[in-house]
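Below you'll find the structures, each written out as structure tokens.
Okay, so subunit A shows up in both of these, paired with subunit B first and subunit C after.
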Partner chain A sequence: MTKAYPFEPEEAPPEYRGIPRIDPVLCIGCGACANACPPNAILRIDDPENGTRRIVLDVGRCIRCARCEEVCPTGAVRLTAEFEAATDDRSDHVEVVELRLARCRGCGKYTCYTERQVEKVLSLIPRGILDFDRVREKLPLCSECKLKLTVLNATKFGEVEP
Partner chain B sequence: MIEEFEARFGPILEKRTLGEKKVLYTIMARPEDFQNMVRSLLAGQNVRLFTMVGTDERAVEDAFSITYWFADTSKGELLGVRLYVPEDRPVFPSVAQFHRGALWFEREVQDLLGVEAEGLPDRRRLILPDDWPEGVYPLREDFKYSESPPGEKKYPYARPPEGTSVHAIGPYHIALDEPAHFRLFVRGEEIVGVDYRGFYSHRGIEKLARGRLNYNQVCFIAERICGICGFCHSTAYAQAIEEAAGIEVPERAEYIRTLLLELERLHSHLLWVGVAAHLVGFDTAFMEVWRIRERVMWLAERLTGNRKTYGLVVVGGVRRDLLDYRRELVERELDVMKREFNDVVEFLLSSGGFVKRCEGVGVLSKEKARAWDACGPVARASGVDYDVRRDFPYAAYRDLSFEVPVEKEGDVLARATVRIEEVRQSISLIEQILDAMPGGGILADFGDIPEGAEGISAVEAPRGENVHYILAGDRNTIYRWRVKAATYNNLQTVPDMLVGYTIADAPLIIASIDPCYSCTERVQVVDIESGKSKVVRLGVGICR
Partner chain C sequence: MKSLWVFHVNTGACNGCDIEILDVLTPYYDIERLGVKLVPTPRHAHALLVTGPLTRQAYHAAKMAYEAMPPKPRIVIAVGTCACSGGIFHDSYALRREYRESLEYPLKGGTSEFLPVHLYIPGCPPRPEEILYGVALLKNIVEKKVRGRRFSEGTFVLPRESFNAWVEVLLRARIRKELGYFDGYSLLRRFMELVESSESKEELEKLVEKTINDEGDSRLRYGLEKLYSYYLEVVRTYEGILAAKRALVGLPK
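What follows is the complex of A and B.
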């Protein structure tokens, strides 16, 4: 019965929830995984000065619940069949995906969402139903500019129909 | 229970109905009646102290609240008595003076909330670490979950009686799988007294749920309360939330939950039987039993994705369905297991060594079991006929038939017999579940959890009842989550079991309740980030 593990490979069954990995190509940096993660193994860290967002996954904190996989809108987070997390360097456990934050079209400051998130949203909008170009124009706006625009539109509305 | 209580005290109380046969009374007028109420409740033949919850309600009610929950096991009724304790004088009359089962609850509430029980027989610290400063109460709302205040290390251990010496087991000991510290006062070989100091593995889970988690994240953290009966904890938690929010769980989800709960009981009991065999020096049986247990672990992995932490329960249902191929796996494994288990039990019980070591050792009388509110196999081995699955049915247990094994002797052998019989019942339950598995969805749709809603739910874990209480906060968070694990009651009976036996019996007696220290201990706040250093030296403070 005794196996020669770790000298012979031990395979996990197909249902196994192993170590999660983030595909940096698919990740849009929305942070849904960070919101769902019970042990805070995934963090969303923004740097508004330099305009970057980092999604940091620390496998050392991960409890393999697979909530991140469930909530990911692009399928970027996937649980692998790997279970061996032993290492002599803690930094081996940390996986970082760094993305650019979108610049606001109004004031030029960095917004609180990434360029990829904007692309994703635009790709979801059905062509022909909405005025695509107007949406494209509005989309990367920071919350402050969005607020201003809303107020502006509201006043315009008031002029037309008192 | 509820009827009699209402007839006697009804008019002076405010009543809230939580569910069918679940009522909560709030004392508005006379707190001095509180002790009488508890006395009259506990005088009932089948009434036990279910759990006790202390909550910091200063934001809403300008007071702390203390709620004692009682269960009438013959009628399936739950009754809560809530007492508001003013902020400027946080004192309430102690129940532990006349009911020993309340002792730890009151010590805990004194530690964590700073609410004192007047007349408490043992006023020592229970939960907080030895170097926690006086007057800092971690479960109060104004205490941040990430704080870790420095203090001075001291703990008043009980004085050994005249003419005895101290034999310490733990905090780290070969016979214990988790840290716990038993100080045996021995005269020669004989144990004449015991002092217990535990709660070394607190992880601040209740405070975390309040400080950082949303209600669905808690399911996964709840599962990590215990390394053995984790699924029982997450189910009990989810059921409490479902009750508070009025969520109807799909039938299929309830059946899948039940299947896994029974699978968990199987592996836990097999683990215990193996450990018991190991502790009496019968390692062949230990290996054999654990080989069978491995089948259950493997099966759980195929069903849920992990050997132990199933991660399957979310509020409103379950996350994975029981597909046809999984069903076949269960059927195939059960067939083998039934045969192998019978063989190994015969092998074990035919060994004179095992039976002689267990027989007449660590006897817990029925009276003592009731006085400490023991539960699970420990209570059943002492003649207390109580099982949450039968008396407070949840999940799919209403539709299934099973027997509750009860023994009279109250010794280690009786506890073993109860567990062995329960394994057989579990196998039969799983077979029934597979036959009766209904179709349909596995996850319910629901809206927000109403603020201030309360829910209380119990699950029969392998060791006894796990009681979870929930008070919902605003924006889908939890205001108060109270976990009471089975070992919380059972561990308190251990000193009574040990007295009169020898040191050589101690590890087996302690193991016979199947203690789970992690389950019992949840609330200490430890922060690694703050850099607070603690030097742990073996032997310090153990013997003087």
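What follows is the complex of A and C.
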């Protein structure tokens, strides 16, 4: 029997790897998916002057290998069962998630990670083992301020506290 | 347009898309219902069906085929991710492509390097249904389903509380080694829901036992047992560290 497909709706099988979608509620903008993607279908574009980071997913270059789903730490990228992605305009394939970069505590410039990443990292610290407040004080620092702080702490080595 | 006669050009594809095009012609999918016919020469064709990322060798043949087509309607259909944007071969030395900044989107490459493309059908390879859908879209039988989406920062949800989030990160790596990501991550999500819903250790043990007994799949049963033993191990380590630290600092319990 011939399928009646374009005239009747069709569901993909349950484990079918269709086009990927980013959930903007869960995405922290770490760019793990952009690092793992073999055809570079996901880009991570930083804009340090305006303080935004864009995660850009292009379905038209995706090969549905699900590496992004495998590495995503929050489960934001998922492969859906949708497969009908044909279009006459390539900009229909693009999905952009825009996130804010965190500001450095020391100099006030934008750092190279997002505010959501800071929240995620802070949520992972088990209470009682590490000193939470000291980690919280240090966390949004840009690389230069981090370097200065490291040097400053290193010079304190050997000093006897009263 | 009533019926579309197509000429198929392979510009360096891996043959995956070509096999799917062959599938579409079989009686099960039967694209000839929509009036599509594969013709052996571009002089008879209305549409060029291009697969592949456009290698330098194939460029001249594809251009000759395009120029041999009658001037109207001269439709170009890009089938497969490679033909849409370069796909997995986007960086290859053998492709014909212009120099461009890598951080612009939508990403360029493939057939649109030398031809105006009227229809993009992504997929690696696309399902036969997807090719059928694309042709139906060209003939205005169905509606377009994908749209470009843009989100700026709004609400943010952290799925777990601090201790459970830490435990989940530790368990994720282990369950991925045992079951793989596809079954493992969904199983881990189920297990963490059990952990969050139970209040004491005894209750969790009962819940896990009940879930293991209800589960029909033996792989998932094995995974649940492993997860529970890992979970106990992590909790024991955490409590050990806490006790050692308390003893060191001299805090009361």
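Please note the rule applied: the second predicted complex is superposed on the first by the 157 of 162 C-alpha atoms of A that agree within 3 Å, B and C clash if a C-alpha of one lies under 4 Å from a C-alpha of the other, contacts with A are read in each partner's own complex, and residues count from 1 in each chain.
The rule is short, and it goes like this: a contact is a pair of C-beta atoms (placed from the backbone, for glycine too) under 8 Å apart; a residue touches a chain by one contact, two chains touch by 3 or more.
Quantities reported herein were computed from a predicted structural model and do not represent experimental measurements.
Of the two partner chains placed around the shared chain by superposition, subunit B is the only one that A:Ala36 touches, whereas subunit C remains out of contact. In the superposition on chain A, contact is made by A:Arg64 with both subunit B and subunit C.
Touch criterion met: A:Val25 reaches subunit C, while subunit B stays clear of it. Residue contacts after overlaying the shared chain place A:Gly108 against neither subunit B nor subunit C. Of the two partner chains placed by superposition, only subunit C is touched by A:Val56; subunit B is not.
More residues of subunit A are in touch with C than with the other of subunit B and subunit C. Of the two partner chains placed by superposition, only subunit C is touched by A:Glu95; subunit B is not. Shared-chain residue A:Arg127: touches subunit C; no touch with subunit B. Contact with subunit B, but none with subunit C, is seen for A:Pro13 once the two complexes are overlaid on the shared chain.
Across the superposed pair, subunit B and subunit C both touch subunit A at residues 1, 12, 15, 38-40, 63-64, 66, 70.
Touching subunit A in their complex are the following residues of subunit B: 212-213, 216-221, 224, 291, 301-306, 309, 311, 319. Across the complex, subunit A meets subunit B through its residues 1, 12-13, 15-17, 36-40, 63-67, 70. Looking at the complex, you find that subunit C touches subunit A at residues 27-30, 33-34, 81, 84-88, 90-91, 102-103, 105-107, 109, 112, 118-124, 126-127, 129-130, 132-137, 141-142, 144-163, 165-166, 169, 176, 181-182, 185, 189, 238, 241-242, 245.
Residues 1-3, 5-7, 10, 12, 15, 19, 22, 24-26, 38-41, 43, 45, 56, 58-64, 66, 69-70, 73-75, 82-88, 90-100, 116, 119-120, 123-129 of subunit A are the ones that touch subunit C when the two sit in their complex.
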